[in-house]
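First chain A sits with chain B, and in the next complex the same chain sits with chain C.
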Partner chain A sequence: MTPPSITDLAIRYGFLVLMAGLIIVFSMLRPAFLSPQSAVFILQSVAITGILALGVTATLVVDGFDLSIGAVATSALMLSAYVMVIWEMGAVAAVVLCLLMGAGVGLINGLLIVKMRVPDLLATLGMMFLLVGLQRIPTQGNSISTGMVLPDGSAAEGTFAPGFLMLGRHRIDFVIEDLVPLSVVFLIVIAVLTWVFLELTRHGRVMYAIGSNAQAAALAGINVGRYRIAAYMISGVMASIGGILLAARLGRGDVASGNNLLLDSVAAALIGFAVLGAARPNAFGTAIGALFVGILLQGLTMLNAPYYTQDFIKGAVLVVALVFTFALSGRVGRARA
Partner chain B sequence: MPRHAITIRGLTKAFGRNAVLRGVDLDLPAGQVTVLMGANGAGKSTLVKALCGVHRADGGEILLDGAAFAPPGPAAALRAGVVTVHQSINDGVVPDLDVASNLLLDELADGRTLFLNARRMRDEACRIAAAVGLDIDVTRKVAGLPLADRQLVAIARAMARRPKLLILDEPTSSLSLAEAQRLFALIDRLRADGVAILYISHRMSDIRRLADRIVAMRDGQVSGLFEGGSLDYAGAIRAMLGHAITEVDITIPPPGPVVLEVAGLQLKPDARPFDLRLHAGEVVAVTGLVGSGKSALAGVLFGLDRPVAGRIVLDGRPHAPADPGRAVAAGVFLAAKDRLANAVIPGFDIQRNLTLPFTPRHAGPLGLMRRASERAQALRSIRDMGVVCQGLRDGILTLSGGNQQKVVVGRWLAEASRLLILDEPFQGVDIQARQDIGRRIRDSAAGRATLVMCAELDEALEVADRILVMSEHTIVGDHRNEAIDLTRLMAQVAGSMDGMREPA
Partner chain C sequence: MISRRTFAALATGVALVPGLALAQGAPAPFDNPGQVDIALVRYLSTGDFFQAYLSGVEKQAAALGVNLQVFDSRQDAALQADMVDQAIALGVDGIIIQHGLTESMQEAAQRAVDAGIKVVAFDVNVENPAIPQVEQSDAALAQLALDQAIADHGTEWVAGFVHVAGIAPLDRRAAVWEAVKTANPGIEEVAMFGTLDNPIANSVANQARSVLSANPNIQVMFAPYDEFAKGVKIAVDEAGMTGQVSIYSADVSTADIQLMREPGSAWKATAATNPAVVGEVSVRTLALLLAGEDPGAQVIVPPTLITQAMLNDADIKNMEELGAKLPAFAHADVAMAPWMTLPPR
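Right, the complex of A and B next:
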């Protein structure tokens, strides 16, 4: 074995070093950055995009892409509000219907791509537009909140169930009272489950095989189409969980929220390629990628950087991460070509 | 003495340490069709790429009409008058443009005119089309044309340049017989116009129809040149495949019970149906030229294709798998040919490549992989196959071609099968790996039927108890691998004996 070269080390640990550097710089400039409250705030801000990013990771693993996740999440937001406020049903019904909607959208995406042979980017882009429009049709483009005037003239009398709101607002005592939001717990549990599924089970293994050489996987007796559809269903369900948490945090069906969900979560998943030099989609990298974006934004906010510089810096980080993945670890790229 | 359009002397080309062309000497006379034959890896495509400017030769020289010819790129070769029509027809046309634009594509790409004059283009295109006897509406989109017309468009476009040499790479591989006849008529006209034509094909019916001369390539050199009044087709095939067998150490075991019984199997609508029986414990090689139906037979048995007609019985039960997964469940395994496209998972290490088809065997509750079980299986496979590697967790692409092949063959030997099909298992491997793989196939053959597809006769003779010959998608010969009559076998490969039906 030859000792690893500087380039190898840079590819493997570059991004983690960069993240540690960011934390050090921010905490020197703003000591409050290192407090537990600040850490929890970062986690809370990345919880929803992190969950969406883990879903999109599943589609990236089978060499697909899901652009509809943001729209699925906002559809779940509107659907849960509609179910509770207008249909006056309970929290369980809202959650179950949202999860079913996410799985259904994923199934349709998968069928479009596998059976109808629509390219993945186009199928999910079309689905995105469709959902963005569909979610506004029942309320004629209005946001949903208790007391809103319905088309028949009456007022909506339903309310968000307390149990539902807890999903987004409850905090658990952990060392300090009321420290960890429930949504952060969801993120961690989902991240661990996704990691276990992709890295340790035979299904994850087979999905990676499909992403690397679908033809060879099919000739090894694997039902490639079924796994592809499953990947989009995982992505749809994850996105709907993100939407449920968003609805629970906001407490109303806001048509304008969730604009950044798609870009932030795709950025997290793509940054994940570079973590530990994986050069492939992976759950751990995606989680770190989401955290990285969260740290960066929290730090910039504490430094009072204007909001528009944040998008710019996010984009710059994504480009650098992609260079890490595809140029520096070029051996992988060349080998695939 | 005919004028030589192209003269090639001592042409060499190597990729890394792999010498692909080892001193090719070849003349291509004007006004004649020279057919080039050669097995996979013989160097045909590299030679063509050197002629059409894709590769630069390392040594030797090419003369075009007596002048040195070393095109720096495909565009330069085209301007000099060397035109290539590739096997994949859509490489030669732009499907979304109309016929006229396609015919004038090279002129458009030159970019001397900024604005297009539709009428002038149409007239010019009609003139080009008429010159090759192509009678179609030039305003139609190419995407709406049948395959054969697209190919004629590609050729017509090429002919607009008044080429000195036209290279046709397997042009009939996706044409019907009637369409092929139209192509042949065009080739006859071009030949009469004095164009030198290099025609690459393995279809004996094409070759008989067109060839003025046959050149066989083997191991990067010209291994035979056949010309004159009556061409020696069997001799050309022998020169292409070779059979320099010195020692064949095959002990044919007594055949076991019948595993697979095939009756009246028809692989293509115009192919003759055939019967086939495979016994437990025997290794049967299927030989035949490229496109003779070997892979089609493998595909039908493995659930990739449906046969036109016929019945397949595996261990007394009907066998008609809908997909590879069901074929594997029924105990029929296929190690596919062309490992980089069809077998290797480039992102996986050696161990994961080895265990890919049988992950359920190593998975516990909830589908969690059991590391110890997987690792033990991978180590067994590596030992059995003699894979030379540093460690199980190294990337598959760090291995040499031969060792990669051992991995993708070894993955199917990890579980017991009823019928194991190996499609070109010796493709692109060195002699040592070839012997290792062959020995392992024979050593593990008891209890199953084994079918090995190989175009190279040497390989079939090395590995098989019985050799079947395929031609025109049917079985035309069945030889026990003992004192084989090679002349007769070669003739069957060429499809010229035993009263075999000639294609119309």
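Right, the complex of A and C next:
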């Protein structure tokens, strides 16, 4: 065996080296960057987009795409607020209804794509618009918060349940007191579960097989349609988890389109293609991609860089990552996505 | 918000019985308001502020008894100009242009004026002497909030400033901040950040966390837009710095009132104009024009200072109670005429 060439090494480890370099530069410029609080905070800032990105990864694996995740997340945000503030139900009901909503939206997306043969981008684009509108109908476009006046003239008495707010705000003692927020725990658990599911189980390998050649997979006796529907349901549920965490952090039902959530999480999943030279969607890469964006934004904010330079750098990172994936790795990646 | 359903019923009732809600002796054309058609052409519509603005426009239009048609371009500048042309083609008597871009609206507004239609602009400068500007004074908003910060903390403190350049109302608020800093050299700005990434509060919270860990000595955060303030408050709470950072902002909503009233909340004060009142003033300004009276080139809706103490003392829980208990907030005495009927409170 010949030793790996410089190019091979660059493709495999280039991104991780770049990330380490960023951490060193930022901590030299701003010593506060290297504190444990700062590290945990970076994880917290990427928890929501990271979870959404892992959902997108599941659809990318089966050669699909889910544009509706941002809208599913903000719908879950509005739904959980509606359940608790207006219906005055508890945290469990809110979480369960949101997860069901996410799974339901994923199921409809999957059925549209598999049974109705609507192209994935179009089906989920339609779903995105539908949800952005739907979530505003019950409150006529207003945000939901305790004390808001209802159509019958009374004020909404319900509050966000403390147990629900904990999901986004509670911190676990880890070495330092009150260090790790629950949302970070969710991110790590979901990332590990997704990685195990995609890389180590038969189901995951079947999904990759469908993604590289659906016809061959079907001929091998795999129920391709069912797996693709399942991928969209995974994506919908993950997006609703992201929405729940967002609601728990904000503590109110905020009217928002979720487009930035969509773009950030898709960027994380695409950057993930380049990590370790995988050149395909993968859970580990997605998590690293999300983290990479989080580190960049945290560092740049500490240096008082305005938002447009941050957008610019985010875009530049994405372009470089895509070049890593599609050109340098020599393998022909999927033409789309 | 005031019930839209009740309002719709009211509006229909008024439309069915023209002149019912009228004060006596109104000038033409308000002696027969059922024949008066006005159009609201919107550029921005998503969010609590714009929702409340619309409800103010609807209520004042209903109180006057005129017919209102709403065009919503949803941040499409070209479409907004087309909608003005559409309103001209429909033969409306008056048009309110709500936000938009000077470049795209200037000519459309001129076409409306040429067609003999009375036009009022809210928060957009269409550079036309025939068109009065309704404005909430961003400078006064920022000044009120900063005066309160100086009253609370003196003139020597370390500050963080949340700002996104290029957004006209935010730029006007930032100009006041610069002036206050120049006048008070003891105020040291160590960080400036801000983003309009949606959901704004969440994105700003992420940034504010970085800023607070890089600058743990910050005492005052000036966040002159309530979504910014909400984000900063989340970050301050998460960083466990609630006791040592004070937040001053602009704008208010029911959710903001809840946050300001949390025990020990870092959000000390906000300055705001009631968006519903701004909507009412827009309609009244147009009505003055239609009746042949002169509202002046600029109609400014004065802001109100709202402090945490005021909210707690009067036990104010939402926007309706704020309007009821702070009369300055419920009604602005501008663009008024004796013959005008105000919306019921």
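Quick notes
Keep this in mind: the second predicted complex is superposed on the first by the 328 of 337 C-alpha atoms of A that agree within 3 Å, B and C clash if a C-alpha of one lies under 4 Å from a C-alpha of the other, contacts with A are read in each partner's own complex, and residues count from 1 in each chain.
The definition used in the following text is that a contact is a pair of C-beta atoms (placed from the backbone, for glycine too) under 8 Å apart; a residue touches a chain by one contact, two chains touch by 3 or more.
Worth saying up front: this structure is predicted, and the values here are computed from it rather than measured.
When both complexes are superposed on chain A, chain B and chain C fit side by side without a clash. For chain A, the partner that touches more of its residues is C, with chain B and chain C as the two candidates. Once the two complexes are laid over each other on the shared chain, residue contacts for A:143 go to chain C alone; chain B is not touched. By the touch criterion defined above, A:219 reaches chain B but does not reach chain C. Residue contacts after overlaying the shared chain place A:152 against chain C, while chain B stays out of touching range. When the two complexes are overlaid on their common chain A, residue A:88 makes contact with neither chain B nor chain C. Our summary of the superposed model lists a minimum C-alpha distance of 28 Å between chain B and chain C.
Of all residues in chain A, those touching chain B in their complex are 196, 200-203, 205-206, 208-209, 211-213, 215-223, 280, 332, 335-336.
The residues of chain A lying in touch with chain C in their complex are 30, 32-33, 35, 37-38, 41, 44-45, 48, 74, 77, 140-143, 145-153, 155, 169, 178, 181, 246, 249-252, 254-261, 297-299, 301-302, 304, 306-307, 310.
Remark: chain C residues 1-6, 45-48, 51, 164-165, 191-203, 205-207, 209-211, 213-214, 216, 230, 234, 237-240, 253-255, 257-259, 317-320 touch chain A in the complex. In the complex of the two chains, the chain B residues touching chain A come out as 323-325, 327-329, 334, 336, 341-348, 352, 356-357, 359-360, 362-363, 366-369, 395, 397, 411.
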